[in-house]
Amino acid sequence: MLKVQSLSTNYGNLRVLHGVSLHVSEGEAVALIGANGAGKSTLMKSITGLLPPRKGTIQLFDENITAMAPARVIRRGIALVPEGRKLFATLTVQDNLMLGAYHRYAADRAQLDTDLERIYEIFPRLKERRAQLAGTLSGGEQQMVAVGRALMARPRLLLLDEPSMGLAPTIIEEIFAVLGDLQKQGLTLLLVEQNVRLAFAMARRAYVLETGRVALQGPVDELMANKEVKRAYLGKGYKEVWE
Amino acid sequence: MSLLSQIIQFTFSGLANGGTYILVALGLNIIYNATGIINFAQGEFAVFGSFIMITLCMAWGIPAPVAFPITVLALAGIGALFHRTAIAPLKKPSVITMVIITIGGSIFMRGVAMLIWGKYPQRLDPFIDAPPIRFMDAIIKWDTLLVLVIVALVVAALYWFFEKTVTGKAMRACAENREAALLMGINVDRIVLLSFALSAALGAVAGVVYTPGASMEYGRGPYFGLRGFEVAIIGGLGNSVGAVLAGILIGLFETFSAGFLSPTYKEAITLALLLLVLFVKPSGILGKAEVARLKDF
Amino acid sequence: MDRFDWKPFAVLSVLLGYLFVFGKLYTLMLLTRAGMYCIVTIGMCLLVGYAGQVSIGHAAFYAIGGYTSAILTIRYGVPLWGGLVCAVALSCAVAFLIGIPTLRLRGHYLAMATLGFGVIVYSLIHSSIEFTGGSSGISGAPPLTLFGTNLAEDGGIFYFLFVWINVAVFMLLAGNIIRSRPGRALMSIHGNEEAANAAGVNTSAFKLKVFVLSAGMAAYAGFLYVHYDGFIGANSAELMLSVIFVAMVAVGGMANLWGTLCATVLLSLLPEFLRRTQKVKAADLPDFIHNSLGLSDTQIFKLIQKFQELDVLIYGLIIIVFMIFMPQGIFTGTADMFRTLARRVRAVRGKRRVSDAS
C-alpha cells in the first residue's frame, strides 16, 4: 500500500533521513521505533508532505505522492495523528473533529454527522465534552480528539506519531484498544512509538530507525529476540512499562 | 449647551468614531492571527475604501446602497492583490522585513491614492439626508446612528463567520496551529489570502462609514492605522472581543478628551494613551484570561 | 573584515574633493542635504540594521534638533554652540526616556510605538503655533559659522565640505561601534536577540545606547539643516521622512553602513530626478510617443506633471521591490546578481564547448 524508497530529508540544512526505505501492506499494522532524534517524526512529516524530501520516492498504491502538498495527500487517504497532538486549543472538541473532515466537507456533508456519531461511539467521553474547548481537556482526552480528528478524514492509512506520549497507563490502554479494533476492521496503521513493548504488542512487523537509517527490520517476534533491540529498547523500558 | 447634552453629544460621536476604529482593528487582528504580521497598510485600505465610495457615489452617481458592496468587494480584491504581490513572494520573512514591507506597501498605496484622487480632501454626501435628531441640546445625525448599526452588523457577521462557518473555523485553525491545519487538508496559503481580502474589506467598511458628512484625503491612512493599532493593542493583539470593547473606549476617550481637555492636542493625547499602554502592559488592558474563550472571535 | 577599512574612505575623499573643486553649486547644495540625511541614516543603520530595532519615528528627533536650536538661537539669542548642545541633549534625553520602555518591546510593537511617538511629535509641532509657528514653521535661524567664516556663504560650498567631513567622522564612529564587542556579538547573530542574550550580551543596554546615539545624530543633522537653510517646518517631523530613513537603510542592505550611505544619497536625489523629468517639454518627446499614446501635447504635459508627484509612490515601490528581490541591499544585491549572471554565462559557454567538442 505504502512504499517509501531511499528517502532523504533535510531539516533546514541538516540531513535527518539518509535513504530510508520501508513498506506497509494493506490492513497491516507496522511499528516504527527508535531513539529520540532518529528521524521518526521527520519521516511522518515527509510522508504527509509537511516536509518534502530531498531524495527518494513515496508511493501510495500505484501513485507517486513524493513531495505532494499535505492537502492532496490527505485526500488520497493518509491521515496523521501528529506528535504532541496539535489540537486547535481554542476551538471546541466538535469543531476539532469536524475540521478533521475539512477536505471532504463540501462533497460529503450528509455523511459527516454519521461519521461524527461513530467517533463519539468509539470515544464516548468526547461526546460529553463536545462543546468544551479542546485546550481545556486532559491529556488523554486530547489524544482521543487527535485520533478522532484523524479518523474523521476517513483514512485508509493512519499514521500515529507517539500516541502514548505523556499519558496515564489506563488511557494508553484505552486508546490502543481502540486502535486494535480499528485495525481489525481493516484500517492500516503505521505507528511510531518510543514505548516499544506497546508498539510490538500492536504490530506484526517493525522497523528500527537509528540516526536516520533503518537499522533493523522484520517480524516483531524476531526483533524481540534480537539482542540489540532487547538491550536498547526493551531492557530498562520493560520494567518501566509494568510499573 | 448643558453638561448632560454635551455628554450625550460626545458619547454618540465617540461611539461612531470608535466603530470605525473597531473595524480597522479587527482587520489588523485577522491578518495578525493568520500570519503574525501587523499590517501597516491597514489604514490605507480604509482610505481606498472611502475614495472608491466617493468616486462611485459623487462622480458616477451610483446610489450608496449599491456603491457600498461594490466598494467592499473592490477592496477585498485589492487586499488579495496586496498579499500576492507584496507578502507572498517572501520566503522566510523576518519581523523587520515584514514591518518594512508593509510600510512600503502603505506608502505605495498612499502614492497611488494621491495620483488618482489628488491632494485635496474630497467629500461624500451624507447617506441619510434628513434633519438630525435633537435630544435635549444634543444634535445626533442619522448617519451616526447608521454607522453604529453597520458596525454592529459587521461585528455580528464576523462572529457568525468565525463561530459557525467551516471556513471561519479553518481560518482560526490556521491561526492556532499552521502545521495541524495543513494536516487537515486546509490550504493555508489560500486561507491567508482570504484573511487579507477580508481584512481589506473591513478596512473598506471603516473608510466608508467614516466619510459621509466629513471628507477624506490621501494622507489619512496612518491615522486610521494608528487608531486601529491602538484599539487592537489595548484589546490585546489578536483578541477580537477585546478590540470591540477597546474601540468603544478609545472612541469615547478621544471625543471626551477633545471636548473637555483640548481639541488642539486631541491627537497627541490619544496617541499618548497608546504609548502608555505599550509601556505598561503591551499584552493589552483586557487581560488574556477573561477573553481567551473567544480569542479569535 | 574586522579591521579598519580605509579604502572606501579614500574613494569618498577623492569623490568629494573632485566635487568640491569641479562640482556645480546646485549639485553641491543637493549633496549637502544628502549628507545631512546620511548622518541620520548612519545612526539608523546601527539601530535598524545592527541592533535590529525598527524605528519609524526618527524624523521626530531630526525635528526636535532643528526646532530646539532654531527657537533658542532666534528667540533667546543663545549662541550657536549652545543651540547645538541643547538640541542634541534634548533629543538624547527624549530618546532615553522613550527608549527605556519602548526597547523592551519587540518587532511590531516597537515599530508602532516609535510610529506613535513620531506622530505625537508632529502633531505637537503642528498645533503649538505660538511656540513652533505651526504649519508656517520658523525662519531666520542664524547661519553656521566656524573660525569666523560663515559656512553658508558662497553658495554654501564650505557647508558641503563641513557636512561631509562630519559624515566621514560618523562613519568612523559607527565602524568602531560595530567592531566593539557587543556590536560584533549582535552582528554575528543577525539581531537574534534571544541568542544574544543567551550568549551573555546585555542587548537591552546596547540597544538603548544605540537608540540614544541615533537620536542624537538625527538631532545633530536637524541642527545642521536649520542653520543651513535658516528655516524649519513641521514637515521635518513628518511620518514620510521617518519612513524614507528606514527605506534608505533597507535599500542599503540593513546591516551595511556603506550601502546605507549610497542608498541615502541616491534616494535623496530621487525627488530631484523626478523634478528634472518634469522639465522635459511635451514637444521634445519623439513622435512615436504621441502617435502610440494618441494624446495631445497638453495631455502629455499633464501626465508628466503627475509623474513628479510620483515620488511617494516610487519610494513605496522601491521599498517593496528591494525587500523582496534584493534583501541584501544594492551593494551585495547587485554583486550577487552579476555573479549569478556570470555563472550562467559560464555555464552556457561550458555547455557550448562540450557540444562543440562532441
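As written, the chain order gives the labels A, B and C, with residue 1 at the start of each chain.
The working rule: contacts are C-beta pairs under 8 Å (C-beta built on N, C-alpha and C of every residue); 3 or more make two chains touch, one makes a residue touch a chain.
What you see is a predicted model, and the numbers here were worked out from it, not measured in a lab.
A.B. asks: Could you draw the chains as nodes, link the ones that touch, and say if you get a line, ring, star, complete or other?
C.D. replies: line
A.B. asks: Give the chain pair that accounts for the most C-beta pairs in contact.
C.D. replies: B-C
A.B. asks: Where the CA atoms of chain A average out and where those of chain C average out, how many Å apart are those spots?
C.D. replies: 55
A.B. asks: In whole angstrom, what separates the CA-based centres of chain A and chain B?
C.D. replies: 43
A.B. asks: For chain B and chain C, what's the span in angstrom between their mean Cα positions?
C.D. replies: The separation of the two C-alpha centroids amounts to 31 Å.
A.B. asks: Which residues of chain A touch chain B in their complex?
C.D. replies: Result: residues 48-50, 70-71, 74-75, 79-80, 82, 86-91, 95, 98-100, 102-103, 105, 133, 149, 153 of chain A touch chain B.
A.B. asks: Within the complex, which stretch of chain C touches chain B?
C.D. replies: Touch list, chain C to chain B: 48, 52, 54, 56, 98, 101-102, 105-109, 111-113, 115-117, 119-120, 123-124, 127-128, 191, 239-240, 243, 246-247, 250, 254, 306, 309-320, 323-324, 327.
A.B. asks: Tell me, which parts of chain B touch chain A in their complex?
C.D. replies: Against chain A, the touching part of chain B is residues 166, 169-170, 172-173, 176-177, 179-187, 292-293, 295-296.
A.B. asks: Residue numbers of chain B touching chain C in their complex, please.
C.D. replies: Within the complex, chain B contacts chain C at residues 37-38, 40, 85-86, 89-90, 95-97, 99-101, 103-112, 114-115, 119, 222, 226, 229-230, 233, 264-265, 267-268, 271-272, 274-275, 278-280, 282.
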